[in-house]
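Once you scroll down, you'll see the structures, which are given as structure tokens.
Two complexes follow with chain A in common, the first pairing it with chain B and the second with chain C.
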Partner chain A sequence: MRRSGKINFLAQGDKYRIYILFVVIFGFMSIFAPKFFSVFNFTTILNAIAMNATVAIGFTVVMICGQLDLSIGTVITFAGCLTLGLQPLLGFPGSIAVAVLGGALVGFLNGILVAKAKINSFIVTLGTMTILQGAIYQYSGGNSISVTTDEAFAISDFLQVSLLPLLTPRILITLILVVAVEFMLRRTRAGRNFYIVGGNRNTAWLAGINTDRYLIGAFVLSSVMAAIGGVVSVLVSTAATLKLGEISLMYVISATIIGGTAMSGGKGGVLRSVIAILSLEMLYTGIILFGLGNEVKIFFAGLILAYVVLYEAYATYRHEKNLGQRPELMKELATRLSTKEKKLLGSRGA
Partner chain B sequence: MSDNRGPAPDGATDGAATAQADTRSVKTGSLSSLVNTAGVYGIALLFLVLGAVLQFTGAIGNFLSPQNLLNIVDAVALVGIVAVGMSFVTYSGNYADMSVPTTMGLTGYICIELLRYGFIPAIIGAIGVSLLIGVLNGFVVGKFKANPIIWTLAVNYVTMGIIRLVWVNKQIYPDMKGSSPDVVALFDAIYRLRFFKLIGLPLVILILLVVIGQFVLTKTSFGVKLKLTGSAPKAAKLSGIPIETVIMTSFVLAAFTAAIAGLAVTSLSRVGAWYNGAGYDFKAVTAIVIGGMTLAGGRGTILGVLGGSLIIGILNNIMTLIGIGTFSQDMVRGAIFILVVGINAKSLRSLGRDDA
Partner chain C sequence: MKKLAFIALAIALAAFVAVPLIGQTAAQKANLAASLKIDTSKLLSADNQLLLAPSTDNRKVPKRPADPNKLPETDPLHWYDMEWAGWNVKPTNIPKSPMTGAIGKKVIFIVHGDHPWTTACILGAQKVADAYQMEFKALSPNWDKVVQDQMIDQAIAEKPDMILLIPLDAKGAVQQARKINQAKIPLHLFNMLPDAAALNYSLGWTGPDDFGQFRLLARAWADELRKRNPGAKSIGVAYVQHAPGGSPFFARSFGPISELAGYAKEIKTLVAASPTPATFDANTTMQLVSDWITKYGDDLKGICASDDSAQALGIFEALEKAGRNDIVVVAAGNSKQGMDLVKDGKLFGITYQTAEGDGALSVQYAADWFNGKKLAVRQNLAQHIITAEDVEGFYPPQW
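Showing the complex of A and B:
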């Protein structure tokens, strides 16, 4: 039932806010930022987001389940280090497999601890994050790992070959993963179940859904996606620095929330998160193109995260405050009432 | 009907089980909490004995030497100071303050910058700025109920951005900023001052903080409000407790002790760097959890947190002496953290109480 046209329009605006934001940032940067509007720059931006976009896929699913995964940043670095560190021993197929499986194992551990031991997800992942951080430094000895064989360079070149304008194999991998997971979430029963588990775990259980299995699945997906992001990233750069995934967490969390995935769970989508990542990256690229430094970029990224968390919290706060009240009814009354009565209503904050 | 959906989540059980949960709940008096706190110190003592045994078997040298014991105490002092403040946040049911690392870093920068105006203004200015961060954290988490971990993490990034923006990625040194040598000497003394050539100033501060903290938590009306806010925020709000103010105060306390620790660390390293406080957030949370304070809030003691810091300190020292690197120590700490939280959550649930 439609209550009034205006509210409906606002609700629609909120639903599509990320697409609107995308168009606004794109338009602004195209007009004002020097050298922004070029195929070369767009390819650079798409390459730059390839890793974080892949990571955001899994992170969004975890957040749809109403959980958080703080370990993604270290999983990226972990998988990157394993890929290049084990390459001399196992060759690329072997080392990539070990890296992705290692990621899956971390996710499985997170999931078991959250679902079975019933510990808060951000406490668990804070712990695994610290463990992994130690493991990474222990393994690499604090140095970055690089592989400088012809094979590595060939793979790196291949991943950056331009198949079509704006489309390199690296971007294609991300695109395929996004489409696959988005399809899974929207069209399959398993995908819908993630939303039900996130929306209300008890209801989901009473409806006959194995909630634990979905929680574990979400964490495994998150870590595997983070591992794939790390693997592809180091394959392109042929070097794994220990700072690879350092601030990915910040980018991915803010993008996922901006994309409209609720921290309380049960709402959101992978494509929206990726569009948000793209919008943010355009913003950061614009900052760099305006001639501002990397520090400004980090500062802005932090500020944006703080803003979206605050906005989200404030929206929930307003929602809870207005719960049980009917602002549209009060407004309608206000149009009919005399000015004296309006004043009375106004003092009650209608 | 339901064969493969796994065990029921909390709250999805039927009425009979809920009634059962009531009978299972056990009253904990002051005696049992004393035993719990004593247990923490018992574990600390166990680790001391372990160190001694390892020394006698020849695995490690010099564990019991006065110098080494002093090292342990010094290390405990810094972690302990952060942990005591942060435990108020944990006690209020808001898990942890992740903005501690850069708060510590920023404190160092501000203090070194202000040293040219004298020692006291520098300290006051530095602590003042960190209190602002605490107020901000407390306001957003208390008033709007933002997820405390994510919000303080965001503040951590913003503060890091501010430091790296304002000081252009540079470290600063106390003697470079045109401040008088006397003032610099005073600043250096923050960490190095020793009473009777033994007890460092940070340790004295820690003991003071523990005594005051324990008093505030158990004997004052604020402590009672905090306990109710931590264990049942809705009930607290309905009974007229200003939970926004209570939560804000707890975050301000955390920022205050982080500032003190930040000053001590900066004085120790004689350099202001944005990574000065790196790792202290997690060390402090681990100490708090090991010390018997549950992450669900409203349970635990400051004395226990001191014991937790002690355990962390002794464990680190033994691991260093055995030759386990700093990074492997991170792994051990992380594993212990998860283990303790897991056991804690499980035991609380088996008592029929809420989950941590």
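Showing the complex of A and C:
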């Protein structure tokens, strides 16, 4: 009974881990970090996570499929550079469309190479990342790209204006995308199929799921989300720097793992990844408000990641240990069997 | 009786409103007077130089060409909008000095990233801030512009008396400056020269005149190259560039290139490149320079580096491996490694670029503004080229 309760508690803890982390960080910072608990600060935090949260949506779906997409950082920069670089030629609607379609094309190529050519996604996306980096430097001539027209400033101002407390159009875009993809994953057959493909590709195929289509779809979604993240980010800052998405890759990977999406696939969720990003951002903001340096920020981020990785390792060990054991069945048997049979079972080590 | 009571009440009310105002003004006046008495001109940096040495540059600002981009890159005026940025600003919504004194003011100092240079810069800024008893808060986004944008938002939320900012990206600085300006918080930019439009929203800019320093360095370098290659009709040189994107990328290569096009026409640029993927890595620079030595052989007579620490160490590693001691190397300075290399007779010259002075000058600018002093839109740091002749005077190094 105690064992079963412990397993249940651990399972619940595992399920709600990221929400517990969120509450702990939020509570701690609200009480102790100076000026943390304010509408302006929360709006700043939400604005700050908008880009990485958007990118994490697609990246989580790729990880649910049991794959990795290392090209997200460069797709952010690529889309950002195209948005501002092509603006004088095509105007904002045209350049944004080209940037997002360009992202989709990168994702499609990644997906084709992973699904059809059966190349490891780590290798494929590492290659895409490097090629794109070179292309971006070639395109920009090593310079940042900016548009400082009145129209650009008007768009930037609009994206940052508070529609409601805590809600700017920039945050709203991310929120809509999170809700839409989370709904698709949880409530539609197509969404659930991503989990089946990630859980076991062969089983998914045997169940009649077109696994290649889902893999390609996941990579396209990942790149499109990265492109949208890049586009919105440069529209706000009116400048695309060549390092725009450089740090996002590690940040999004860490947050997705902390959020509980398994690297082996078949498990996780977009909302959890976004909550993880929000938790990390609150932690970083709190650290800054305490007046502490980057070294402290990096230390705590590493500490949380290390805890999650160790916890995952323990969960895997526990899962394997419990494989084949059915405590509920044993409990039922114990109530039905005769004393003699119980003794017999006991002597066999059951 | 009623009339008297009414008059008494009116006087009491007027006194109630006016006395605090008069008192506040008096306090502010006293604060201003006390602030103006503070003398920071004798403060020293770690290298025993004056922390706020006055600029020695007395060049006149030339007239802007109609379209600088149409001029060749070897023409100094091609770089007009970068080199002389700040002199032709269109002030937008710039607040007037409150003239209430610098003492007790809160300034938020946002740098670009963690680096020994930055540590020295913050130290210099802190020295001046302490002298004026300012509330001083330094923030570092660790080289990430997205984080710097976020820090600007947080700084705005704290409503300081002024924000001092090293923009991480010249073009990205425009929107950053505009945002602070819209929040009605005085802004001062320093160190990295932003896109000229950013200066419209800033009280001013202080920092090293990278172009000016490198023009000065280029002349000293050219003199030495001529001395070592007497009568040569062509002297080949190479440039190890800064990270692409910022003003040093252009100033530290195209500054000397355009200067030498007029001053020493026989000096020819063979190649200019930034070490990739790591701009400030000795090993990457060593590989880059080794390739140049292989390609250009004895035609390569001089190298100009954007950094006197990692880049310079990589250059000398490559030169030693190739057995070349005839190449004249100069660099942007002045780190400990750079100064040691000058002292050892390896580096011919480095620019004196005081990190502490850079931070200090920006806070001094803020203090002068609070004190109501009339300020130039742009103030450059003092310029000097350190060579083996005077390097001893700059020890111990700031970083």
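One rule holds in what follows: the second predicted complex is superposed on the first by the 289 of 350 C-alpha atoms of A that agree within 3 Å, B and C clash if a C-alpha of one lies under 4 Å from a C-alpha of the other, contacts with A are read in each partner's own complex, and residues count from 1 in each chain.
Just so it is clear, a contact is a pair of C-beta atoms (placed from the backbone, for glycine too) under 8 Å apart; a residue touches a chain by one contact, two chains touch by 3 or more.
All of these numbers come straight from a predicted model, not from anything done at the bench.
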Chain A residues touched - chain C or chain B, whichever exceeds: B
Contacts of A:Ile119 with chain B and chain C, given as first, second, both or neither: first
First (chain B), second (chain C), both or neither touched by A:Ser30: neither
Partner chain in contact with A:Thr238 - chain B first, chain C second, else both or neither: second
Partner chain(s) touched by A:Ala48 [first = chain B, second = chain C, both, neither]: second
Touched partner set for A:Asn210, first chain B, second chain C, both or neither: first
First (chain B), second (chain C), both or neither touched by A:Gln138: first
Chain B versus chain C as contact partner of A:Val309, first or second or both or neither: first
Which of chain B and chain C A:Ile288 touches, first, second, both or neither: second
Shared contact residues on chain A - chain B and chain C: 137, 142, 247, 295
List of chain B residues in touch with chain A within their complex: 1-2, 4-12, 95, 140, 143-147, 149-151, 153-162, 164-165, 168-169, 282, 285, 295, 325-335, 337-338, 341-342, 345-346, 349, 355-356
Residues of chain A defined as touching chain C within the complex: 35, 38, 40-41, 44, 47-48, 51, 137, 141-146, 148, 153, 156, 233, 236-239, 241-244, 246-247, 285, 288-289, 291, 293-295
Chain B-touching residues of chain A, taken from the complex the two chains share: 68, 70, 113, 115, 117-120, 122-124, 126-131, 133-138, 142, 201-202, 205-206, 208-213, 247, 249-250, 253, 263, 295-296, 298-303, 305-306, 309-310, 312-314, 316-317
Residue ranges of chain C in contact with chain A within the complex: 114, 137, 139-140, 142-147, 149-151, 153-154, 157-158, 168-172, 174-176, 178, 195, 197, 244-245, 249, 274
